[in-house]
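My questions will all concern the structure given below.
The letters A, B and C name the chains in turn, as written, and every chain counts its residues from 1.
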Amino acid sequence: MNSVDRRLFMKLAAAAGGTLLVSPNFAFAGEVDNLSIAWTTDTASWDPNQRLSPDPQTILKMVFDQPIDMTSDLKLTPGLLTEWTLADDAMSMHVTLRDDVTFSDGSKLTTEDFRYTFFERVNQGEELDIAVGFGTVSDIEILSPTEAVMQFSKPSPIVAQWLSFSASYVVSKAYAEKVGPEKMKTSPMGTGPYVLTEYQRDSRIVLTRRDDYWGDLPSAKQITIEIIPDPTARLAALESGTVDIATELSIRDVKRLEQGGTLNAVTNPIARIIYVTIRADGVFADRNVRLAAHHAVDKDLLSKAFFGGDAVTINQPTIPGMPSFLPDFHFDYDVAKAQELLAASGFGPDNPVTLDFATTNGQFPGDYDIARAVVTMWEKVGIKANLTVITESQWYELNASGKLPPASLFVWENGTGDPELFAGNMFDADLPFATYRTDEVTAMIKPLLKEPDYDTRIKGYEEFNQYLIEEGAMIPLLQAIQTIGYRNGIEIKPWANGLIRPEAITIS
Amino acid sequence: MFIAILRVIVRRLLAIVPVFAVVTVLVFGALRILPVDPAQMSLPPSATIEQVEAKREAMGLNRPIWTQYSMWAQAAITGDLGESAQYRTSTAAVVLDRLPATIELVICALIFAVCVGMTGGLLIFAVRGTALESVGLVVTSAVMALPDFLLALLFILLLGVLIPIFPVNGRLDPGMQVPSYTGFLLIDAVLTGDFRVIVSAFEHIALPVMALGLAFSPTIVRVLHASLINTYQQSYIQQARLRGLSDREILFGQALKNAIVPVVILVGTQFGGLFGGTLLVEMIFSFPGLGNLMVKAMQTADLSVIMAISLIYCATTLIFNSIADALAYLLNPRLRNG
Amino acid sequence: MMGKMYRLPDPGLLIGGSVALLVLVCGIFAPWIAPYHPNDQELLFILAPPVWADGGSMAHPLGTDSLGRDTLSRLIYGARTAVTVAAAASFGAMLLGAFFAHLAGYFGGWVDWIISRTVEIWLSFPPVVLSMLLITGLGIGIDKVILAIVLVDWTRFCRVLRSEVQVARGQDYVAFARLIGFSHFRVIIREIFPATLPMLITLLSLQMGISVVVEAILSFVAMGVPSDVPAWGQMIADARIDMYYAPWGLALPIFAIFLTVLSFNLFGDGLRRTLDPRHTAQRSA
């Protein structure tokens, strides 16, 4: 009996040792076999160049890599590119690609793939959102497998920011041409740290780590993303331990988690602003009405009521800490001033100015509540807003056909932090986002879009931001916050662009 | 005999083909009147006016509506239902992906409703003439005043939030995996043989099924109850009683067989309503079926998906109505001979 | 009022009628009964619990919602929306349905064929799906909701009344009226319509309950009334997000809808028992 036991013990010890030898990472602290994340929405498409919308980017970035990466506070840092140099006239950019990157099918990443992604694909007429940022690329000249020069049809000072932004992921030319555009939407193949191993639409995504990844290996060998649209269900999944991390929880629940102690939560201010768009025509052709609408909104109260006071109030089309932000610029909440302005135009609480106000419902946390609160704040000074609920896609369509209501609650994501992707794109009349279209705005914005000198450009945007607010061209409300809840034993470093990065998750 | 039954059913089913054709025309026409532009919807927001115009041309949106309809109909017959604007992929694939979940839900709900309804009807009938009968009927009325979507919310509140017994979202616990053999999750879960997975799958479907089924059951209770009362007035029941058969033997041996006919017909004619009820219940429970897809499609004006799902709803209603019709004809000797 | 003409008032009629009356009174006199304006927000006082829960106060007896609006006042004003929609939509559906039912049942032949086929096509849409499709096309608003319900539910009246009309059409007194040369119009209005009236009233009462539910459903999915009109369905939709934190906000409007629908159903059933001679005969047999 005894000897058998001892023999068994020896065998077990040998087996355990063997395992340790085969897989050196086994049982090492800082590694975890599987990490589950409760996420809000599916990717919709696995073609990484197809959609600019912010939600899928976290998932896409696990499978694909971007030419230029970002630090957690949105500074550019080398990604697939080790070097990028913009010409002084911003008409071309020299780039150098890493030489040690392979796709998950084993093929090597070269400048052919870079050229294919940012030039050939865009020009092939495929329906890709990436065209917004790279429509100006007139050619990408290949110098060697690791060196290329991007040529632009007009000055493109922020192409480097675009290379680090949503939808800018390098795809394999050989693979894309082999499988065709349809298959690209369902079967992703990239250079990223993970490969897709299981996918159930709108339900689950399983990603397995590639151990031949060129960069630092993230701590999770496998990441399971559970698509759970309902915030209360995401919370339930976290509390029951079925997921390790849950995003976009309600602010009240986050407060509760922070007090409870068994789970952790962070509120992370991200590069996303909530604001009210204004049209330059109709009732808002009157500058008094535009400014009154801005003075009437108590942003602190909005933050307190809907974000527990955690959301930063903003008075300009950018967020604190980003280039072109003016720290000393203020715009007051002042009901008396608003009434005075309206009175000057012949309106008042008894004779209100009437307008339509569009909002989304459920597009981002608190949207519908914020819109209804703004309606009431306006009502007090003499602006009668009829609230209509639309979807994000309807917003684009209404705006394209010129039928967007005078005011609408909207959210603007700018993962680069650069002012061109804030005020620049918000007010560029050539883009589908512009609602306040005047000749004066166009005259101010056009030179900025082409300005190659960084400091001049930022200075220009500082003036432009101030002009926009003083003219009442928009009503900035709040900087959005991302909420993340996670179990004990994990640490997460939040990224200001709202991405959850596997390498930013550490296991203790 | 079997051939004759089949012939009756096939004839009824053939009769719905023209009705269905008219329905497709109506839905198609209605969706084209909607103030949305399918071309704009299927392009990225950055699309220029020329690109939208080119897309309109490619989609045939500039041609007369009947040409568009015949283009759609020809493609539909080959199984091509167009491209979903929100998923930017084949509508048929998106819809078929979701269909099994809804079928599972509606069948489970039907079984639940019939069980509850039959039990309720028999119980109330068993206590006929006493005060308990009135109590039973009042309870039935009360449940009747709770449509499926209110029951769904009530169950979430009671069994999901206050006494958290059942999960209120999705189809499986996060982290569980079920390989897809049949596409029907409950069957696939059973096939895995993993007890935890099976329990999780049934726990998740419990509340939606209860909400949908319980809302449907009072109608069954009432019809069965009324039909039993009616049957007991027939002479053969009196005769059976005179022959000394026990109450139980009369009820289950004789009466129920006849009294069940109106219930079968009711289920057939009301099946469409039950199927339509999945829309809200699925939405409330984030149950990934057709209804959820439909609500999402309506919010994003995804026309080809709305069209496809509407037609599935209509076809199901029509098919079950005509089967009920055929059954009524076959089960009711008076109708058949007269 | 109806009950007095008959021997014994049915209990369902009595109870259902009085609750329905209560809801109606709430709706009509909402501005006088409600302690607050339903859209008044107190953003610093959101999701207050009802008075019987910890931290509740008499200032808001049923608590407040996610925008700090008084739940009791919103329930009372919600009754106004519900009653308006229920009455108008049911009446509209009844008129449209009864009109076609009388045409089809009285004239028969191809008129009947066309109307019956139309009803058949209509009925192939599940009602919820059809009303949501209609709202997608019509847009939101109380009037649109009413119109959608009328367009969906007229078939309910048409189908049932058509056979009633057919029965009445076969009666001797109708044939006699035709013989002595009364016009079709006069025969329908004077001879047939009174015969279908009991069924019509019963259906109307049941339809009121259905309309309340449909309005709630449409408001719930934000396809109903505009956001500044208080509605029970909307209250449910608003309260859902915070149901873990404030379950009463969800429970109260559900209860309001339940009570209203139940009262209309009881009233309708009571009416059927009281008014329908065949039904009475059947019961006593």
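By our rule, a contact is a pair of C-beta atoms (placed from the backbone, for glycine too) under 8 Å apart; a residue touches a chain by one contact, two chains touch by 3 or more.
Since we're looking at a predicted model, the values are computed, not measured.
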| item | value |
| --- | --- |
| Most widely separated chain from subunit B, with each centre as the mean of CA atoms | A |
| Winner on C-beta contact pairs when B-C is weighed against A-C | B-C |
| Distance from the mean Cα position of subunit B to that of subunit A, given in whole angstrom | 40 |
| Gap in Å, rounded to a whole number, between the CA centres of subunit C and subunit B | 24 |
| Whole-Å separation of chain centres (CA-atom averages), subunit A against subunit C | 46 |
| Subunit A, residues touching no fewer than two other chains | 232 |
| Sequence positions of subunit C contacting 2 or more other chains | 243-244 |
| Residues of subunit B engaged with two or more neighbouring chains | 301 |
| Parts of subunit C lying in touch with subunit A, wherever the complex brings them together | 39-41, 43-44, 46-47, 66-68, 140, 222, 226-228, 241-245 |
| Residue ranges of subunit A touching subunit C (in the complex, touch as defined) | 231-232, 235, 250, 252-253, 301-302, 304-305, 361, 368-369, 372-373, 375-376, 386-389 |
| Residues on subunit B engaged by subunit A in the complex (per definition of touch) | 36-37, 40-47, 49, 52, 85-89, 94, 97, 164, 167-171, 173-175, 177, 286, 288, 299-301 |
| Subunit C contact footprint on subunit B (complex, rising order) | 19-20, 22-23, 26-27, 30, 33-34, 141-142, 144-147, 149-150, 153-154, 156-157, 161-162, 233, 272-273, 275-277, 279-280, 283, 294-295, 298, 301, 306, 310, 313-314, 317-318, 321 |
| Interface residues, subunit C side, partner subunit B - complex | 12, 117, 120-121, 123-129, 132-133, 136-137, 209, 213, 216-217, 220-221, 223, 236, 240, 243-244, 247, 250-251, 254, 257-259, 261-262, 265-266, 269, 285 |
